[in-house]
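Pasting in a structure now, in structure tokens, and then I'll have a few things to ask.
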Amino acid sequence: MNMSAKRTSIEERHLSALDDQLAQLWETILSRSSLVRCIQGGDFDARLFAIYMMETYHYTRHNARNQALVGVRHLDLNIRYMKFCFEHAAEESGHELMALHDAISLGLPKDVTVPEPMSETDVLIAYLYWISANGNPLQRLGYSYWAENVYAYVMPLLRTLQSKLKLKDSQLSFFISHARIDEDHAEEVRRMLLQHCKNPEDWTAVAKVMKTSLLLTEQFLNGIYEEFERVRSGQASAYSFLSDHLSA
Amino acid sequence: MNMSAKRTSIEERHLSALDDQLAQLWETILSRSSLVRCIQGGDFDARLFAIYMMETYHYTRHNARNQALVGVRHLDLNIRYMKFCFEHAAEESGHELMALHDAISLGLPKDVTVPEPMSETDVLIAYLYWISANGNPLQRLGYSYWAENVYAYVMPLLRTLQSKLKLKDSQLSFFISHARIDEDHAEEVRRMLLQHCKNPEDWTAVAKVMKTSLLLTEQFLNGIYEEFERVRSGQASAYSFLSDHLSA
Amino acid sequence: MNMSAKRTSIEERHLSALDDQLAQLWETILSRSSLVRCIQGGDFDARLFAIYMMETYHYTRHNARNQALVGVRHLDLNIRYMKFCFEHAAEESGHELMALHDAISLGLPKDVTVPEPMSETDVLIAYLYWISANGNPLQRLGYSYWAENVYAYVMPLLRTLQSKLKLKDSQLSFFISHARIDEDHAEEVRRMLLQHCKNPEDWTAVAKVMKTSLLLTEQFLNGIYEEFERVRSGQASAYSFLSDHLSA
Amino acid sequence: MNMSAKRTSIEERHLSALDDQLAQLWETILSRSSLVRCIQGGDFDARLFAIYMMETYHYTRHNARNQALVGVRHLDLNIRYMKFCFEHAAEESGHELMALHDAISLGLPKDVTVPEPMSETDVLIAYLYWISANGNPLQRLGYSYWAENVYAYVMPLLRTLQSKLKLKDSQLSFFISHARIDEDHAEEVRRMLLQHCKNPEDWTAVAKVMKTSLLLTEQFLNGIYEEFERVRSGQASAYSFLSDHLSA
């Protein structure tokens, strides 16, 4: 076995450890998520999806930005990785508009004011900027790694949601177009990890960010569910206005 | 004349005012530059070009980064302009390696240590980050506008330099490949200005950055010339080591 | 009643709403915290305190910095508030060394390497930078507000911990000296809020950051407890080394 | 001679080399400055001082901020130096208001709109942020070193200006109060340099920033003179409005 084959195989093993950890994390998250149970039980309405898309709008506005920040703040990056950061940022630019479009398509006014982000959304945004600007420059790949592979895990739920809310594919543009784009991205992220992670510290940093950002996303999902519960039970919520536009 | 034609024509007029200002600036700069006189007079050697390429290496390392920073730091950018910032950054990534390659090709050791940047280079770098992160988000286009159109003004000088130093085209890779790439960029920058500058304040901000960054580049060129004079007259310089490798 | 008295009274009401919200939050947190139960039950040892102090070391290293960042990133701050940000930062500088001292005092080598921060610590740090650099410039006061008043809530627990671990006051330097310093700080933060919060949006931003940062601290405390459980049950942990130095 | 005396003496020598370089720089600058000649010749009026104070307002607004940035962006600073950065920032906060006050005192409307900064002012601001956030954390002391000692060099000029314009001391509040404050600061900066510069690289970085920031200030002074010339000769200038308020 030559050196290069051996190296590849070590790195493939790291990647497959990431995959295992990811599968386990998703299992935990899906099994304990009240949002998932709520969707599976069918006990929800368009307001849930509107909240989801509006909060998605918020963090998605920052994704291209924090992705590019990796290239901005770290000097001496490998050039191919640097290029990846900026190209990836270019491709992600404006995706928040799809999320907003999907929310509005439910029956909201075109010039609707999106409420301030929930705390959980702020925290996710804050964390992604932090790990992009500081620490191991490769670690943001840990976020991309699960985010670009999310559809395997969430598509069944989205289809349940789509069918219950009678949504056309064009009303799920954020997810459906991402699912398409992200097939390529996922492959590229994989390649970046295999090419640029050189030592166990790199893989540890990537794994830590993968896990932390996914757990923050779990809290984001919980937050959405709680916000929806507040809206439907008539408690104070920045999303109460949805009830004026969307039938329960 | 319809509204849109009229708007275009106002913007074309702004652009053509930029062109006039630029032509005048270059005339001033070229006429008073000791570096230009030195090149035209033929009284220089490879050390001048080595200093030039090493200082170019320094600021070029930051160009993709400060270009991307425009997209990172301004929320609510027009999405097409945001995409342009990140795509442009991706295309500029790693260009510093061409500058380094050209310097080394003169006969320097492959692992040469590039001296710390001159003060003039630091100032140019600092300014480009500042105007990218703050103020009018369009203003960095003022830098791109002259930088992508630089070859009309400097190619004759480069050819003089090339012929005197007997350089192959491959030893001018930084300039020659840029000249090619930048034809497209220049056109794109033009389009960005026409599409996104909406009011006189935008054009004023762009013109100010164009002028200031070009004048800082003039000082950068002066700095290179003075450094070369120090090296060839045997005064203390971080570039003295060049004399061990490059014949005068 | 004159205008100024009336204004004060509105602002005093906002402040007292903050106090109520804070008391409720603490009640919730203290009642559901496994760390609190663990301390109250006496079922812990010095390793718990060492982990606590080391993670405290991590976020405390950033507190002066993110406090100062408020003044750095917002132009047009009220000058007295700006001064407060920098003075407060100066006073907080180096407090992480007290946390480290207290950890080492338990019996660790003087040159001990502090493990990388837990995810929960990273998230808290990230959030505090984010809300300091962006959004309402007053909002970081929401963090200071509870942090400077923390001792009323946690002193009983600390005394239990101190007595069980037989710690001298000098081994609780981080908490005890803070408790002293923070009396003044708490008063100043109070004054800043009363003087500078001008409208309901300011108070909302402050309350949001107060709540979010306290809930992130709850997760930080949970993280410490889980880390301690891993260490004492012999599971993999970056803190396993503590068992070599500290008797259970 | 003991070790500590010896170390001090090496550092004292570095400091005294700084002093020599500074004296020489000032000599060069004062001898070639058209602003200096203009003041010495008495051929100016209040508009010159107004421009000076308004541009001073601009960069002074950023001085406390970039000073604090040193402490924010560099982890692992010596704690006493970190404290100095924040304390110094606190003391500098709001000094721009003195500059504005002095300008208005000449006879301008209290709510005068300060024009956008000149390019030279932008460049100075940009540079100070850059060297504060990046590179050697001690290097900003090179700026403080000359700025806190500026009065020895410029007081005679200021007195000439004061006498010609018949200004009360209270109309020179920016300079006079600084002169007082800065005696202590200068001593502190001196102490910081002696205590924290540990190797030749530190001193080189400090000297480079001292020189570069002073030369940028020279260009700032030239810019003010040129702006004044434009105003008094009736050419286009953002400061033309001064002629409506201030007698020539």
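Labels for the chains are A, B, C and D, by order of writing; each one numbers its residues from 1.
Methods note: contacts are C-beta pairs under 8 Å (C-beta built on N, C-alpha and C of every residue); 3 or more make two chains touch, one makes a residue touch a chain.
If you're wondering where the values come from, they're calculated on a predicted model, not measured in any experiment.
Common neighbours of chain B and chain D: there are none. Taking each chain's centre as the mean of its C-alpha atoms, chain C lies 38 Å from chain D. Chain centres here are Cα averages; for chain B and chain C they lie 48 Å apart. Chain centres here are Cα averages; for chain A and chain C they lie 29 Å apart. Listed for chain C are no residues, as none touches two or more other chains.
Chain contact topology: the protein chains form a single closed ring, every chain touching exactly two others. Residues 119, 122-123, 125-127, 129-131, 208, 211-212, 215-216 of chain A are the ones touching chain C in the complex.
Touching chain A in their complex are the following residues of chain B: 61, 64-66, 68-69, 71-72, 75, 79, 82-83, 86-87, 89-90, 93-94, 97.
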